[in-house]
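For clarity, chains are labelled A, B and C in written order, and residue numbers in each chain start from 1.
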Amino acid sequence: MKHALLEIDGLSVDLLGRQRGDGLRRVIHDVSLTVASGESVGLVGESGSGKSMTTKAVMGLLPRGARANGALRYHGQDISGYNRKELSAYRAKQIAMIYQDPRAHTNPLVKIGDFLIEGVVAAKLMSRADARERAHDLLQSVGITDAGRRMVQYPHELSGGLLQRVMIVMALMSSPSLILADEPTTALDVTVQSEVVAILAEQIRDRSLGMLFITHDLDLAAAISDSLAVMYAGAIVENGSVKAIYDSPRHPYTAGLLASRPSLHEVKRLQAIPGRPLSAFEVAGGCAFASRCPLASQRCLDERPVMREVDGREVACHHPQNVELPTRRPA
Amino acid sequence: MDSATTSQNTVFARAVRVGWPIVRIISGAGGTALVTSFVTFAALAFTPGDPVSRVVGERATDEQRAAARHALGLDQPIPIRFLRWLGNALHGDFGRSITYRQDVSSLIAPRISTTLFLVVMAAVIIVVVGVALGAFGGWHGRWRPIISAMIGVGISIPSFVAASVLIGTFAVELGWFPTYGAGQGFLDRIHHLTLPSIALSLAWTAYVAQITMASVREEAGREHVETAVGRGLKPSLVFRRHVLRNASLPVLTASGLTVAGLVAGAVVVETAFGVDGIGSLLVKSVPNKDYPVVMAISMLIVVIFVTVAALLDLAQMVLDPRARAAGGRR
Amino acid sequence: MTAVPVSGVRLARISTAARRIDPILATAGVVCALLVLLAIAGPWIAPFPPNQTDVLAASQGPSATHLLGTDSIGRDILSRLLAGARLSFLGPGIIVVLSTTLGTLFGIACAWWGGFVDSMLTKAFNVLFAIPGILMALVAAAVFGAGFWAAVLSLSLVYVPYVARVIRSAALQERRRPYVEACQLAGMSGLRICSRHVFGNVQPVVVAQATVGFGSALMDFGAASFLGIGVQPPQAEWGLMVSDGRTELLNGALQQSLSAGALIVLSVVAFNVLGERLSDRTGAGR
């Protein structure tokens, strides 16, 4: 049994309404997830599914006024009880996050080198000189050969792909045990995406880090993760090993996602899931996916399904056995 | 894949990239100052009324008039007259005051130090108090409504009203400060010019605070600040290095332009407090129709404004690496 | 028949339709309306004729007959304030109307034609920006003699570039919208597109800018009268009254300067708040 690094236990998050006087909006509903040491978990979902908000909760960066229930445990310690100092230490040493848009997440007035060493120097993890050396070495290990030149440049002088590699280095600087990657390749060109993902996968493997990889791309998640968690309308609908879920999904939504990918081998009509993805607060009662599900029954409309073990993974569905399996193996 | 290729980085290319915007800024400022002074000169030259009569009297002959006109240089077309005036001005000769019958430069010289003293005192208040108040309100959201309200009122108090209130309470009722004059000696000057500088700076301090608050607030909401917080940096460090520094560019521009315009604002305050600076001299010269004085002081005000604005543009180039790359224009 | 694309027309209307009553906006609006009413009806509700002197009752503090006291030559301050509201508001009113009209025209012209027209006008505006308002009023007074019109016209000229800059930027945004190109392709004349669509959608910005401009004009016009280059005595005007009250101020009699000053500040605050709230709305509507 691998040691659990991160345990999300029944997390629910409500945000303040947009206008004054509106009530709370639920964005995450009863999410439970574990990331073991050295394990890569892919969290897959569409826009509004609540996956980004989950990472924010793990970082303790929920927006002002947000209400969170449930437990978030790191190495067994509940982080919601942390005071400011403990939270700061947790963020500086234990976890690190790689964001979606590297350009927006870097300070345009700060040189790359200064940006990289800032975190570890402020947390007194190493001296300035040591930090510079480490940054230099890490830049080279992610494939930036002229690291010395890059360290004195400003963010606007680097391309998106280079900048994202810099973000990966930033995440690795403090030798964290857990990396949170929030759609790290979405803002990049397709050709650059695979390079960045490969670099990330290599670093995770070499250092035996835990990773929570957020994406809307099921194929990408399957390529980089050990286990998958599929999220819909703020809740996890299916959770298990990549092999189990990718080859034989047991939730109609997962199956729908797999089936809706364009085929590289045959010319056929695109199969979309009818309707649009919902957010947690738009769900009335019963199963969140019922309005779009081909298998929906009356029970689905009345009773919200709970996560239970089916076929070697966990599913939240009343009719997992009736799910149509994908007809072809993915490329 | 990279944005910087070797050909763009030769010494010559970099020199041109940096040098050209500087040339552009300076020539732009010079051009504006020139055109503005010409327009002012021309406006004053078109004044109804004949300055010649004042010199030779009502009952002069045509020849005497023509001679006087030639002596005053009034028979030349306006652009020539302007260039003559400009040439003299660059040597420090601004003509003679009609009212005081002395060189304009000798009238201005002692007074300009008084005005500059006042302007500098006001500028210090504006920048220190305005930025501090605005930054505080922008970062600590709890205080924002109160500070916003204070700004809303402060920005609506014209300097002459502030002057009256200050004189009435602090000078007359409480007697802490003198009611008029600029005083002698450094400390006495500060004592005399305290109320005037407060009156001058009040509305502008509120304005700078408003800009600062908006800028800090916007910067605090940016993603790169989230990155810094997410790395475990202390709030004070995040504020100093990531919020304040990035927010300072619009604040610098706003405060710079404010300071540039302070000399003009000094006109009202000097009149209200009986301070003998170039502002009150200008106001006195207007009803007297003392054109050389009016022209000289107007020019001074415009040149100061244009110079400060140009320095601001240059400063922005220095401080913002993106502006440097884009050639001074973001 | 040309089919006019609906998408571009009156985008701003949608935002006002989703109106929520903002209490501060409403209060400011009411205060502004009351002040304007005062300016119109002032002389008729004043207890005393504003120019009636009574040297025996000079420089008195507030009393039962003279609610705000008297000035140095015995004129009732309250009456002068009420009568003075007219000129104090008329001056800035004309300034705002003139500068907003010209500024809007120039701003839209710059945005529509771009190129040479835009760069020439921008250069002209840069020259005007370098001249502070008070300085322009002083020069105008030196050239034309001090008075109401010299101050009003010179300040109007100074305000034009500020309005033009704001309108130009808003109009540029409008101009880039796809519906404009669609109208052009449909054969609409530039004038029609500008007047009907661009101006229509830029209108809320114009109104907000004019309201804030009114507040500034109140301050600048008052300052001009204070300096003696605007409204001339014995007329009643708030800025002039602040100046008149100075000698009494030095003797401890605050009533004239203070009450006139307070009214100026109140008016400026009200119009500034109104203008700010209005421009928040237009910003939110985009």
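Some points to look at:
Keep this in mind: contacts are C-beta pairs under 8 Å (C-beta built on N, C-alpha and C of every residue); 3 or more make two chains touch, one makes a residue touch a chain.
Please read these numbers as outputs of a predicted model, since none were measured by experiment.
A linear topology is adopted by the chain contact network, the touching chains following one after another without closure. Greatest Cα centroid separation from subunit C: this falls to A. Computed centre separation for the pair subunit A/subunit C is 54 angstrom, with centres defined by C-alpha atoms. Rounded to a whole number, the gap between the C-alpha centres of subunit B and subunit C is 23 angstrom. Note for the complex: subunit C touches subunit B at residues 126-127, 130-135, 138-144, 146, 215, 219-220, 222-223, 226-229, 239, 242-243, 245-246, 249-252, 254, 257-258, 261, 264-265, 268-269, 272-273. Within the complex formed with subunit C, the residues of subunit B that make contact are 28, 32-33, 35-36, 39-40, 43-44, 46-48, 152-153, 155-161, 164-165, 167-168, 172-173, 179, 203, 261, 264-265, 267-268, 271-272, 282-283, 285-287, 289, 291, 294, 298, 301-302, 305-306, 309. Residues of subunit A touching subunit B in their complex: 59, 61, 87-93, 96-97, 99, 101, 104-110, 118-119, 122-123, 153-154, 156-159, 161-162, 170, 174. Of all the residues in subunit B, the ones that touch subunit A in their complex are 1-4, 222-224, 226-234, 237, 241-242, 245-246, 320-322, 325.
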